[in-house]
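Below you'll find the structures, each written out as structure tokens.
What follows is a pair of complexes built around chain A, which joins chain B in one and chain C in the other.
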Partner chain A sequence: MKWFRIIGLQFEEILEYKLKSLVWLLLPVMNNLTLILFWTGAVFQKGEQTPLNSLTTYYFLMTICGLFLSSHVEYEVSELHIKRGGLINYLLKPISYYWMQLFEELPHRVLQAFYAVLIVGCIAVVTKSNLTLIIRPETFPLIVSIFIMGYLLSYTIKLSLAFLAFWIKEIGGISELFMIVSIIFSGGLLPIPLYPEVLKNIAHSLPFIYVGYFPVTSIQGLYSVEALLHILGMQIVWYMGILAVNRIMWVYGLRQFTAVGQ
Partner chain B sequence: MNIAHILAYRVSAINGAMASTGWGLFQLAWVFMLTDRVQEVYGWSRDELVLLAMGYILVIGIFHFFFSRGFEDFSYVVNRGELDTYLLRPIDTQFLVSTLRIRITNIVRISLGLGSMIWWITYRQLPVTFEGVIMFVILALIGIVVIFSFWFFFSSLLIWYPNLNNLSDFLYTFNGFARFPVEMMLRTGNIILYLLVPLMLVVTVPVKALFWEFNPTYIFILCISAASLFVLSRMFWKFALRSYTSVG
Partner chain C sequence: MGSPIIFIKSVEQSRLRSGLVLGSSPSGLTNYFYQVGRAVPIKIGVGSGFPDKLSLSGFTDSNPHRLLTVRKLSGQRVNSGLTLRMHTIKISHLSKHFRIYKKAPGLIGSFRSFFKREYELSKAVDDISFSIEQGELVGFIGPNGAGKTTTLKCLSGLIYPSSGSVEVLGYTPFERNHAFLKQIALVMGQKNQLWWDLPALDSFLLYKEIYDISDADFKKTVADLSDLMGLHDNLTVQVRKLSLGQRMKCELAAQLLHKPKILFLDEPTIGLDLVVQQRMRSFIKEYNKKHTSTILLTSHYMDDVKELCKRVIIINHGKLLYDGKLSDIISKHTQRKKITVMFEYPVERVSLEKIAPIVSYEGERVVFEVEKDTTATLTNNLLSHYQVRDLTIEEPQIEEIIAKVFSSQTV
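Right, the complex of A and B next:
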């Protein structure tokens, strides 16, 4: 029951600051729409086949999935909780900090994704874009699981990044560099198969691809049940590994925490 | 004063330099990846598109060096009712608010933009003339006035909505339109998107001038936009100040 209460309170807060929420929503919408417009006017090299319809669907879905799956917990945790000492309020509560933060952030993601569906839907109708979604009954539970794991993975990665603030006071620069790397290797610029070979290989060896590219392409119907199971398995492996690192950082980080701010 | 600030907050300065370098390199990676498989986009060749992205790094780097830090702090200044201290000083408030804090670490981004442009022009042996470089500088400065005016216009909204502290994030993304060829918006036929045309001319016009290619209509729109947007942003700022309560 307490988790529902936490989620409810967060929804109240988001609805209090509607304009701020709208601004966060507009950022990926603007970015991805300009990329669609860019590809509309592109003349490809001879032999290159990149169907515009598939790219449009990809960017529309990337907008929605990006808002839903990309956690942005790092500023609040590193700056407000660790650097300014607000963490003490959470430590005194009989609730896991990991889950508390997750349930505090989840309403933001859900609401933003909901708004994004409305806006992207309107844009798709106005521009007469043909979006192709293929979700079969046998793949539906797997796709839902991939989305849940995608969010958990993104959240745990960002929380671990924020925990660096236990040792480094100012993580703004690292956080921005991290964001750049994650945009590139999650498929935020282009679908991964269109990347140069080297970058494609790097992308497949990092966890970001399981937060962006694979969830998006899974609802485009690109994978068989076996392939979806493989993606889900890899997400779980990455999640367990990063969660282990996260727990170690938490235990050792708390020893650095003075509760009076830094 | 700004150098003293950097020396006092060294870790913050290192962070700023890292972020600045990162975003500059991101722009380069972005354009090379996007143009890897294309011959041309909206009539722009790959060489021109790459130079456009590099020109964007340079122009935006200069803008961020002088202005963006002041705009970023603006929400906090208004929210805490501290704008009074600026209004009471015997200097133009619009100038003071936007330039009090400059971001020296952006020198890295400016160097990256300039260096990559010189490298690309010489590596690809692009036909750039000295006169073209002079025109690039003049038109880029006019372009910066356009960006400044847009930022100031939107930032004035903070007088009414001081909690909107993510407005600067929006404006950073808004700047991104300047990375693309202006023809991209013109071919949409959408009147609302035409409002973005002045912003998209900020880098495209100077980059075309490097090759001594001039579109009189684009230059006219850029100059008129710079003058009118500057006046408009100033009027809007003064209008917004009437609603400032000075209590945060």
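Right, the complex of A and C next:
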């Protein structure tokens, strides 16, 4: 019940600032529209049509999925909670900080994805783009699971990144660098198969691909049930590993916490 | 008889943590060892029989106060008068040191610190020990940077001590056991714990869920708190639109919804006007009385301390300077009194100096400082030999006494 209450309160707060969510949403939409324009130019020069539809779908879906799956807890946790001491409000409550943060962030992700569906839908209609989604009944539960694990993975990675603030107070630069790496290797710039072999191998050995590329391509109908199971399994393995690191960082990080500013 | 198993009623059991408790029968002949665990059963490992009465000792201290009900595992009540007295709060040789980065001013200082940073060890709390029993309302005072808030943070489990031990309700605060957190609250003046953009009532509803408060309890507590603090009109207004006083009252109410057994109040009246300060004090006093809760209060307003606390703990530079009755420290520092006399006409200084030492002389207005015991004699003397228009006898203000203690570093 308390988790529903947290989600409800977050929605209430989001609704207090109606435009804030929309403005943040427009950033990734514009980024991906730029990429679509770039590819449109490149493909038209070659006189090919088919890959463009697939790419447009990919970028539109990447916009929606990126908004839903990419957690952005790092600023709030590192700056407001750890650096400025706001963490004490959570530490004094008999509640798990990990889950509290997750349920506080979830409404933002859901709402942004909802807005993104509306905007991307409108753009697709206006530009007469063909968006191809293939979700078969037998793959549906697996795709939902992949999305949930994708978000959990992204959230846990970002939370761990934010926990670095226990040791190094200013993580803004690291965070930016991390974001660029994660965009590249999650397939945010290009679909992974289009990368050079070396980058492709690196992408497959990092967790980011399970937050962006695989969830997006799974709803494009690219995978069999077995392949989806493999993706889900890998997500779980990554999640467990990163969660273990996250818990260790939390335990030792709290010993560094000085609650300064409060 | 083998090793009997006893258990402590759940409410009390939550106060106990793992560890061995040594007990003995009143005759003092038999020793018992109790394995106190998080689970309900407690085993008596050694013993030749289950005594009618047990007095436990050795549970980290010998100043018992908690009443425990002990029963055989079968449910048969053996003894409801077993007492295990523990301090609600116990700090032993607590120290908290911070490593502070120092930089010389200016660009050169910045360049220098870019290559080599200099750190200094700051002893925010330095080897302090004290204990507080249930129901006590203790003033914890000291100048800015004395280590009060750091101590409160250690007590509430927010920061990890550098050394020493801290025990609150039998728990180690830093482990942040949920059962422990449900029994404490920390209110920091001018610090916001409520959701800024939503009405306080929304935050209250969240706390209701977090602390597992029943609907009936929640309604009653909110109604009681609203009545006591005059909150009715404020609960449905966005927190950011409330005045400081209104917000502080809501903050305090929010922290009391789960009826904490221990309340850490860090400057609860800071920035509030006199009327609201007075209301807050009355409320704190009432809450302490009604719930027998333990309250540790820090405040720079001596009125708070005077009105609420019989006992004070004074610290400065992280060191404990005094722990005892407020009245004792006042009487110790009020051995001398000031007598201000307004004469009908100017009196010669020389003649007055023969009577008592003069602090200030302005002809008609003269201030004497005398030993407490000689006040009556001097007053009689003045009234019988001179024409006195007005006479006042003053004791040093508590603020003066405390300031003296802070500056002299001794009591």
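Some observations on this one:
The rule we apply is simple: the second predicted complex is superposed on the first by the 252 of 262 C-alpha atoms of A that agree within 3 Å, B and C clash if a C-alpha of one lies under 4 Å from a C-alpha of the other, contacts with A are read in each partner's own complex, and residues count from 1 in each chain.
Throughout what follows, a residue touches a chain if its C-beta (ideal position, glycine included) is under 8 Å from a C-beta of that chain, and two chains touch if they have at least 3 such contacts.
These numbers were taken from a predicted model, which means no experiment stands behind them.
Once the two complexes are overlaid on the shared chain, A:194 sits against chain B while remaining clear of chain C. In the overlay built on the shared chain, the residue A:138 is in contact with neither chain B nor chain C.
Put chain B and chain C next to each other and count what each touches on chain A; the higher total goes to B.
When the two structures are aligned on the shared chain, A:27 is found in touch with chain B, with no touch to chain C. Contacts of A:259 after superposition on the shared chain: chain C is touched, whereas chain B is not. Residue contacts after overlaying the shared chain place A:41 against chain B, while chain C stays out of touching range.
Once the two complexes are laid over each other on the shared chain, residue contacts for A:172 go to chain B alone; chain C is not touched.
Of the two partner chains placed by superposition, only chain B is touched by A:180; chain C is not. Residues common to the contacts of chain A with chain B and with chain C across the two structures: 17. Listing the residues of chain B that touch chain A in their complex gives 11-12, 14-19, 22-23, 25-26, 29-30, 33-34, 36-42, 161, 163-167, 169-170, 173-174, 176-177, 180-181, 183-185, 187-188. Considering their complex, residues 17, 19-20, 23-24, 26-27, 30-31, 34, 37-38, 40-45, 48, 50, 168-174, 176-177, 180, 183-184, 189-190, 194-196, 199 of chain A touch chain B. Partner chain C is touched in their complex by these residues of chain A: 1-2, 5-6, 9, 12-13, 16-17, 88-89, 91-95, 254-255, 257-259, 262. By the touch rule above, chain C contacts chain A in their complex via residues 98, 153, 156-160, 174, 176, 178-179, 181-182, 184-186, 188, 191, 193, 195, 197-198, 202-203, 205-207, 209-211.
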